[in-house]
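Next come two complexes built around chain A: one with chain B, the other with chain C.
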Partner chain A sequence: MQKRKKKFYAKRGAWLFILPILTLHVATILVPATVGLYFSLTDWSGFGSASFIGLENYRALLTDAEFLQSLRNNLKWLAFFAIVPFSIALTTAFLLSQVKRGGYAYRIAYFVPYVLPSVVIGSLWKFILNPDSGITAILSNFGVPGLDKALLGQPSTALLTIAFVDNWHYWGFLATILLVALQSVSPDLYEAARIDGANLRQQFKYVTIPGIRPTLVFMLMMTCIWSFLVFEYVWVMSQGGPAGSTEVMATYLYKAAFREFSAGLAAAAGLTMTLSAAMVIGAFLVLRKRGWEI
Partner chain B sequence: MNTRKFFLALPRHFFLTILVILAIGPLFVLVFNSLKSRTNLGEDPVGFPDRLIFGNYSSAVEQSDFLNSMTNSLILAGLTVGPVLILGGLAAYSLSRIQPRGTGAVMAYMLGVSTLPLWLYIVPLFYYWKTLGLINSFLGLVILYTAFNSPFAIFLLRSFLLKVPREVEEAAVIDGASRIQIITRVILPLTWTGFLTVGLLVAVAVWGEFQVALIFISDPEKFPVTTAFFAFQQQFGNDWTLTSAIAVLTILPVLALFLSFQRKFTEGLTQGSIKA
Partner chain C sequence: MRIKNNVLRVGAGLAMAGMLALQIMFAPGASSATGKVTVWLEENDLAKCFAETVSAANKNSALTFEMTPKPQLTEAMRTALAAGGAPDVIFTPGPAFTSEFAKAGLLEPLDGYAKKLGWTKTISPWNLELGKVNNKLYSLGSEQETMLLWYNKTVLDKLGIKVPKTTKEFSAALDKVAAAGITPFAGGNTEWKPVNEWFLSAMWNAVAGPSNVYKALTGKMKWDSAPFVEATNTLNGWMMKGYMSGGLDRYYTKTFEEFQSDHATGKAAFSMEGSWRFSSIGAQFDRTGQKWGWAPFPTKDGSELYSIGVGSSWGVNAASKNKAGAAAFLNALFTPATQAQLVTKCGFNPAPVKIEKKMLAGQEKRHADAIVRLGKAAAKGNFGYLTWAFWPPKTQNFLIEEIEKVWAGSVTTKQYLQGMDKIFAKELADKAVPPIPARG
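The block that comes next holds the complex of A and B.
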């Protein structure tokens, strides 16, 4: 008996179970990622031969007004997503945590947009925001200010509009995550705060926020990282226009790689995006080391 | 006291209800519009149709060859869910129940490499796939989707597998069960909900996937629903009745699965993002 048990736990065969998926993953992701580092140092067009040009692609990117514009747009996107979805999700999660009955129905409704395909959401909102026939046209007739113009058609509002739509699909997911964290905060802490005379706002500040801080910080970090990688909503709704006002690094990369056949330049843009995302992680680590409670 | 409580809760429910309308109102508008005539839509882009025009669906499907795209997406989802569950499940089994030396390293790899953005390796990957003849190929896309979804699947499946007590497995060993028997007769019956969750999430993710399909599939015959919808919308975008019909068909399977398995989706997606 013991022998059989021992044989069962012998670990020789264990790698046979791991290797197929690990090999697949290394071959499809790690290998191209590594090759990409070299690509970014060449003038390769995607066809024929490539020659090594050092950091030339990076110099070209950082002196290209279009790329710098897209980088700025990613930063604006980050600022929007660090504030708007978190404000809505945190408020909603806090209110939901106090709903005794029916809270689940609210949660399901808020989560629905998160599971829908982005391409459909983007088009749906493009229709809603159409200044001639969309719902904004009706609202504008009722006197809601600012909706009589093509929100996606003018450079000053286009990026903000797309961010609004992406957030429409994102905030409910965030609220669900924050609600789960909120519900794990011990009710005793709220009870104690109430006994000490804390009102709702004080309870939120001194019990809720510290209780969910790890989740909050993690999601903030992930949201900031995703802000550098956004593609689908922009591509579906504006493809970077009008006049480059919604160009982000990913759409820039897509155009460089698959329309202008500057494979080397696109690879350099990809690495720049990755480094931007890595800088977010770096910033969080530095702040934590400095003693910030994050 | 109870009435007072009720009135105190009103502003809260008012706020939460406004958000419900914001979240699912546009979907009702979409369904209404898919059933309107063009004139009806022009006069009223929000409300309930004057007369239900189901013909929008058939003409939209005909003009876009959408049944073909739905079949393509179904094939892609099925072909991805299989390998993710089998290969990912085997790896998760080994990484949780056997834990050979190097388990920590594999988990760290999966965590680290799964955070690498697509944009870092998309360019070399594209030309690599082109060399292998995997552009415009379901096989090529399925391999990619399997790779993209496997880290999250392994993390989630592993957390389910870790919950199975060791004694259960040991009892089966003593009864003389082989490894395969133990996996199929002991482990799977105890963890099938985990596999169901991962299968659902992967199927829905593949069905709605857009950017990779956009890059790797250019043959309209092979378009999945997302790029087919995108192409249709760019061609017929001014006829919003037809576009709405196609949009409804695209989201319907996803919505049906979500509403049937709400808890699995919310728990799987929120856990997956925190853990992976």
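The block that comes next holds the complex of A and C.
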């Protein structure tokens, strides 16, 4: 009897410890997600009863030029964030790893924007970019070309401007993560590389990058996932305009749910966002399975 | 005999007392409701004044109104209603919301209260019509709105421009202002994208005409018909010329404070804005020392026209434990006397109720004049239709979002209106269009 009890606890004991958090997870994540999946197959307005309409919402999304435009904007956003913040953060982290004194001061300086709320940053930059009294107006008065027009007021520049602001807050966080990863690379490897005659660029390519690859790949994957979920900066700075040029899936979802009372369609858009993020994770997993060192 | 007389006297006295009690109970506006009524208000500078005014209108009642200001009221109300925790009285940003709430069974029909409390005598017929869903009354519209032409009188006097009455005169005036190096219109939508629909509301009614708008809203005319193409193109022409805040890029980035300041300082001559501006324009122009005025929005034929709508709606929570109390709150709020007090004390625009001119004594003359003229026009049935009150939600969102593509040149006016017509036809078939009051 005692032996059987021991065997039971040995086999299922871990589950008992996991059970509370698992229950919480099921109640707060799995159930709402399943409900969301169900509502994406209905014509629910957000209130009252819902009628099952099959895949109609998904068909509507895939034939809606507005939604396809928002998907394209998310992909542009992804491309920007997979390149720009990583280039800046990696360079900064590498240079900072060489700094012997005052490193903390730099780290604090570029990490500060990350702790500010996105709504505050968005509003602040709207003020800074004001075409009549902001920094662009000052630069334009000094003769800098192309700044006489409002950057957030033109379809050709609005998305890039918002991405710039989001990046302003994001790259410091990324640099900090990468710096921590860099510090875990053994100094012996750099010394060996130097003895072999490697210059700074070669050390970066052959020691730094392989040494921080797991962190780099993880952050790249997370950045790609976040790129499909972006909302606050776009909403605060442009509400998806002008002329839909900054519309992303999340703003499309918000308008569908709260302005058009199409909660079913919004649920379908939300699941499409999740699916897009899942595809990114899938792509990373496939590459890893094929032998890529990521 | 004496006993008989006394019995008769007591009997007659009791009968009279009973009749008096019945009269009091069933007199228009009287309510037998008791207890507490919970109400949420939009958290802003006017909430306190609103609460004090409505409480004062209720001072002799056995009811207590518990009015709580809430930030982001629409979102808070939506969540609370869905979760079953909403207050007794429901506030919504307009008929589109009310309609969705009513269809979901979240609002109590008000027809019985309207009859008992005599609302037909005090509330404008079109307001009672607008609050209906499937022929039942669910809400009362508050804050009557119309689109007006606001002008900087100092600028117009300096340039020798008369206040335009027709679209043609208006266009000529805008050209003259622009030629003088002054921005014709002040405007901006960076804080509130639906600003776009202010102009469309004004132009479709003024240029295409309210009768055509009525026909289109009732499915008897296509939105891509020639009158709407002409009206939209007239607006587009002004936008393309950079008449709005000096260019589209500026329009998309100006805040309310910025563009209203441009107007008050004389950087811009006109502003196409709703009647809600009465609450702030006086102080803005007082600061600059310039003069302001308003006029009915210029129409194609020069006739005086006011497009009507409401900025918010009030209803009763179907799950309320004090529905009679909630109806009594609406009754106190929607009496002409309370509405007049809300205008004169707090600076609100009144609900569409039958306010007499004398009730507005002491109110800023231009504001009182606008309220009276709008009320008279609406009573005669000479009105147009504002998009945020009469357009169904998907069509409304489309017209706001897609017009920017027309201004950007990526979509033609015809394509835009065809797209709107397609969405509207579906919403009309789905019975999502609010009741459209016929013109007189």
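By definition in this document, the second predicted complex is superposed on the first by the 267 of 294 C-alpha atoms of A that agree within 3 Å, B and C clash if a C-alpha of one lies under 4 Å from a C-alpha of the other, contacts with A are read in each partner's own complex, and residues count from 1 in each chain.
We take it that contacts are C-beta pairs under 8 Å (C-beta built on N, C-alpha and C of every residue); 3 or more make two chains touch, one makes a residue touch a chain.
Computed from a prediction, not measured in an experiment: that's the story for all the values here.
Aligning the two structures on chain A places chain B and chain C in clashing positions.
When the two complexes are overlaid on their common chain A, residue A:Ser118 makes contact with chain B while staying clear of chain C.
When both complexes are overlaid on chain A, the residue A:Lys255 reaches chain C alone and has no touch with chain B. When the two complexes are overlaid on their common chain A, residue A:Gly46 makes contact with chain B and with chain C alike. Look at A:Met222: by the touch rule set out above, it reaches chain B but stays clear of chain C.
In the superposition on chain A, no contact is made by A:Lys289 with either chain B or chain C.
When the shared chain is aligned, no partner comes close enough to touch A:Arg101: not chain B, not chain C. In the superposed model, A:Ile135 makes contact with chain B only, not with chain C.
Of the two partner chains placed around the shared chain by superposition, chain C is the only one that A:Gly244 touches, whereas chain B remains out of contact. Of the two partner chains, chain C is the only one touched by A:Gln154; chain B is not. A simple residue count on chain A separates chain B from chain C, and the partner touching more is B. Shared contact residues on chain A (touching chain B in one structure, chain C in the other): 46, 126, 258.
Looking at the complex, you find that chain A touches chain C at residues 45-49, 66, 126, 129-132, 149-150, 152-155, 238-245, 255, 258-262. For chain A in complex with chain B, the residues that touch the partner chain are 1, 4-5, 8-9, 11, 13-15, 17-18, 20-22, 24-25, 28-33, 35-36, 39, 46, 88, 91-92, 95-96, 98-99, 106-120, 123-128, 133-135, 137-138, 168, 172-173, 176-177, 180, 215, 218, 222, 225, 228-229, 231-232, 235-236, 249-250, 253-254, 257-258, 263, 266-267, 269-271, 273-274, 277. Across the interface of their complex, chain A is touched by residues 75, 78, 81-82, 96, 100-101, 103-106, 189-190, 193, 247-253, 258, 393-394, 396-397, 401, 404-405, 407-408, 410 of chain C. Remark: chain B residues 9, 12-13, 15-16, 19-20, 22-24, 26-27, 29-30, 33, 41-42, 45-46, 87-88, 90-91, 93-95, 98-102, 106, 109-110, 113, 115-128, 143-144, 146-147, 150-151, 154, 170, 173-174, 176, 179, 204, 207-208, 210-211, 214-215, 225-227, 229-230, 233, 237, 240, 243-244, 247, 250-251, 254-255, 258-259, 262, 265-266, 269-270, 273-274 touch chain A in the complex.
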